[in-house]
């Protein structure tokens, strides 16, 4: 029929993606391709697209996936290789760290819509009041100290807000990234779980004692959203989280936009920092009938032009960050206060080499094996229970050890 | 009523429903059974062959299994007790003459219309959030430290949310049962010298037993399957992982279909144990 | 003959009942109120009850973001379709059970109910695979059928209880009067059971409307109902309470209004033969 | 038109035979009443005739044609149920018209017949009402109306008056009797009310545990009950049945005397006793007499109001020609 | 023990006064029956006495003590409800024992009393059954048993027999009468059954729209009804009430003659007419006589079986001393 082609995109309901939906008309006008959106919350999205891709359901022409899924799915041949993108698109402009994380065997399988690392966001005013100064690359020790100093329970100010919520993409991601800086790792080279190591005990004990002392009530259920909300309401002194949050804490909805500073995620001097690397990327499932159209969309949505479109409409602070080198070379963007720190954070992350001691897996806040999501969700649930004081750190680690080994066994690693 | 013609007509007319349900039950059940004996890892290339009872053994011996069964039963029982007890009290109140009975009934019935997802979202964010939730405000107003409901009291919170959704159902059924109570019986008991409390326990409660059975039966069916509420509020953390949530984690989060299917078979067995148990009571109570 | 009650008792009853009614209703009320606040007012401390600047901004944003009309329409089609289809299958079955009971009638009834105890997550994979094979993913008709099957036991049971209340003599009279089986069901049984059928319809409409597992997992765009709509607001960035409230209100409003208008029927419908 | 014959009809529910082989002929135009204690199979028999139940064995003939396997609608019979079984969602008019609609009769004809029936039954003022808005008697009439319009070859009534209150019952009883006089259609009527059976029937069939105990006109049954069961069943208050010595005097195992056939005398009578309960109805008085030397308490009717009290001694004289005699098997001795 | 006095008692439901000021004394040991058409306030009155409804104004005294504000349980009365109101989930034994258990009586005493009651009421064989497994008459007896064990100062019965079938009704009627004779306790009994009222009562209270029309013994009411309402209400079949010319002959606005007080004569009588329906009961025959020149159809009773048929002409002679005369207001002319 005379109708234009329609592509269906499954996507996550975060701010940048929702914004992109708003510009869909521009794309349709340009190409005549209509776009249907299936917007879901992150966890729901992950299940939906995973079920669909593993059963070859073919419901979506484009899926929004992350650094975790892309290499696994690419390896299974479930994704269309993005190796024939137009010259105009300029693949080489994608930040190497991002491209690396979204490739399998050197082939790009998903185009980053935006990328992120994590960093410290802090309240300059409170820091000042506490008589401290944030170094560009602080240690955990300093952070704990500063957090204690900034905490003012009477005024509902918590020195530090961190993710504690169960879920591998929530608290699980944070604590894994943090553990790297404490010299911990998930698996040794024989795929044995490592939660019985001192490094993990140190990580968790440090986290818990700091949060108990200076964190918000109920931090065990706080994730990105909750912390953002707290920070924006002026209830956090520091917040270590995704670099994309920077644009929110300095945006209209924030009550503290004028007094936010940025620093690299902390370390303990062992050579690894506790920042992660992540990208939300667009990929095309292998079975789709609309490959060409899907590619067209991906080229549009992750292009330099799209960035400029957003910049023109909503200002540079709101463009999707962390994907393209050219963005950081743009003098306009360099004026954005968090631009530099974001780039620095991304550059300091190395997924292939994330742990102090060698590990068999790729990924910083995750291990890029199919079983990881399931295991890490359950492990993080045990951790959250420890944060909430329902069990000790030791108990949580012991259970984590058991859960992980059980699952690895079930998956046939041992 | 019973002529040969009508009996064969009856069999014919029952057929579509029975056949459809049989299919709806058997086909997935057989597939689940099949999967449960295989190593089926979609992310590792799918079906990798026969494993015998490995999945069953693994599922049961997993450290998560028994706690999940326990959680399931606690939630079902907790919600049942709360809804039945409160349901009886509220129904008793609504059975009294009053102004605006219809309007009150509308208020009481409302939670039943709310999607589980929405209800969980609303409770979690707008009431139980330890910082911005209404409860936190309330606690602070009285000078108390706000409670982190969904971590420190995850099970009670969950039970409360689910109870809120099912209370209208219980209340309404019990209300109708109340209304069907022969008032002469109560008056007879009154003449016999039974005070209010005794009338309640000796006359009213036995009269309600059939209605209570129905509440328990229907609610159990739905409660064994609650999912959205857990998914949205705690994601199975803090001891709120039910058996069906555990299966969900195995199937969708760990992508181990074989293991999850074995879990599914266990869940079916558990459900049927509960079912047989219930059917016994129901069967008895529905007869008289 | 209920005893007459004096006004003082009645006043006490009324007060207590309204207090409890409002308490139970409060979460919904609060959600609706919040949906008209700005995000700032929504999380204001202490909370603002009524004295805020009413705004429709949240609704505007939600409407802009998603195609509410389509979700709503799908919900109506799926819930309505499955209910009606369920009735078509269930009426004859319930007729048989109620009027030509055999020794196994009750067993069959209880068996039907027990099929509802299959854990949905356990069979998601099989069902998904079947749907792919049949090419009916994201298909309204498929959802109509599946939700019909899910609710069929309840429909059969409810109809069975209503039908049993209808004296068999009336159907026999129709038979004596020369009505065929079809005419008997069409002209006598169904109209007589209208109140019961209406409440069955309602209850199942609500159950189907609120069904969130299959509707979410088996749809993408074309067949996605309001449960999918709300799934995209499950965890909005930055916890925008007001927008969440607006979306929630939009998801539950249609069914809430329907339920309120028909609550008399529904109350009857929810009795499940609890009353004889 | 309207002769019904049952030939060796039996009916079992599962293993229980509620009707042992039974023969019965109901002639055209007859008003036949089935009486018998509760559970004796009256309704079952009626429903077998109607075709609402299958017979287990035997034959049913209607107007000489085998109707054993005919569906109810094809037997040309109309039934009035105990509960009336009106269609509550239809107006009186529609209720009455229903069988005609089912027969696909043209609308004009339907209207004519319904109006005629409504006329006959005095239902014209209520014709647009629903059954729920009618009184018991009016409902009853609608049920009859629905039966009449089909012009059936026979009417079947299953305790049609038992749901009405006493006063209305009397009225409706007369109406049905008059209807029968007018239509002269066969009617089969089930009741357990003495008075109804006696006053309405041309022929009474007394059933007991599925077996026919006696068939005859009301007065035949009253005057010459074939056995003690019928004797005790027909007549109110019940016949006094006396066994033992007194019966032997009459050369019988059992004798029966109806309360109205015992005269109360001053001084000594054939039997003597003391008054137990005396029931003064004004028009009659029933005495329950103890200490007669008989094993049984005697019931005696006196016309008008007789001034005897609890404890008074009286003499009783049974009217010799009204004494019924029965053998040990309970059968009447002629 | 058991005298109940109502003094200027009224009862209103909302704005509707169903009992206008009413005085009534029921003496100790009396068997009082309330009769009256449906809705006249019989049950309401009984419930006022029981304390199940508050009276709107006036006083109730039981045994000379003011009981107006006493709760039901404290009045020492027992009630038997129309629906029996048995506790369906308790065995017969538990049902009967319930009031005693509520009174915290020792178990041994309870057992003794329950067994005694079961004895009296012939319930021993069913004592462990549930009410659902009992027949109507047995249920009735359980309800009475539950009332008896408390040894109340008065029994209240609200149409206790109306759910039973005719035969059973007769039996239970006698049982209750005998019970009264034995216990000699005050009983108040509501019914709308003629025969029950006439045969059981020491005193009948005829109610009409909440107003007492007449109080008296059954035969007083039968012989000298105070007004046309009572005249028409008491007696079965109903008294023939005749107005117009014929009544004028008797110097009255209305005259009443009971069917049993009209003699059938061959040839001419005072009134002449043709037989309409003749109801042959065996023991009596009721004739409905038309074309008498009177506005009303007359009902006449003949003793035994009288051989008159539809359409026969007959003469009727009312017994002059049994003719009741009423004035235009319907009141009896002495």
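Here are a few things to note about the model shown:
Just so it is clear, A, B, C, D and E label the chains in written order, and each chain counts residues from 1 on its own.
The rule is short, and it goes like this: a residue touches a chain if its C-beta (ideal position, glycine included) is under 8 Å from a C-beta of that chain, and two chains touch if they have at least 3 such contacts.
Here the structure is a predicted model, which is why all the values come from computation and not from measurement.
Ranked by the number of C-beta pairs in contact, the top chain pair here is B-C. Fitting subunit D to subunit E on CA positions gives a rotation angle of 175°, reported to the nearest 5. Remark: subunit B and subunit D have CA centroids separated by 55 Å (rounded to whole angstrom). Between the CA-based centres of subunit A and subunit D the separation comes to 90 Å, rounded to the whole angstrom. Annotation: 53 Å between the Cα-based centres of subunit C and subunit E. Note on chain placement: the centre of subunit A and the centre of subunit B lie 36 Å apart, centres being C-alpha means. The set of subunit C residues touching two or more other chains comprises 1, 3, 43, 124-125, 129, 172, 231, 233-234, 239. Counting partners per residue, subunit A has 47, 51, 55, 226, 229, 233 as the residues that reach two or more other chains.
Counting partner chains per residue, subunit E shows two or more touched chains at residues 52. Residues 39, 43, 64-66, 124-125, 128-129, 131-132, 137-138, 216-217, 220-221, 224, 228, 231-239 of subunit C touch subunit A in their complex. Residues 51-54, 71 of subunit D touch subunit B in their complex. Those residues of subunit A that touch subunit B in the complex are listed here as 43, 47, 50-51, 54-55, 72, 76, 165-167, 216-218, 220-221, 226, 229-230, 233, 235, 370-371, 373-375, 377-378, 380-381, 384-385, 387-390, 399, 402-403, 406-407, 409-412. Chain contact summary for the complex, subunit B toward subunit C: residues 1-2, 6-7, 9-11, 13-14, 16-18, 20-21, 24-25, 27-29, 31-32, 35, 90, 93-94, 96-119, 121-123, 125-127, 129, 132, 134, 137, 140-141, 164, 167-169, 172-177, 179-180, 183-184, 187, 210-211, 214, 217-218, 221, 224-225, 227-228, 232, 243-245, 247-248, 251-252, 257, 260-261, 263-265, 267-268, 271-272, 274-275, 279, 282-283, 286.
Listed in rising order, the residues of subunit A touching subunit C in the complex are 8, 10, 13-15, 18, 21-22, 36-42, 44, 47-48, 51, 55-60, 223-226, 228-229, 232-233, 248, 253.
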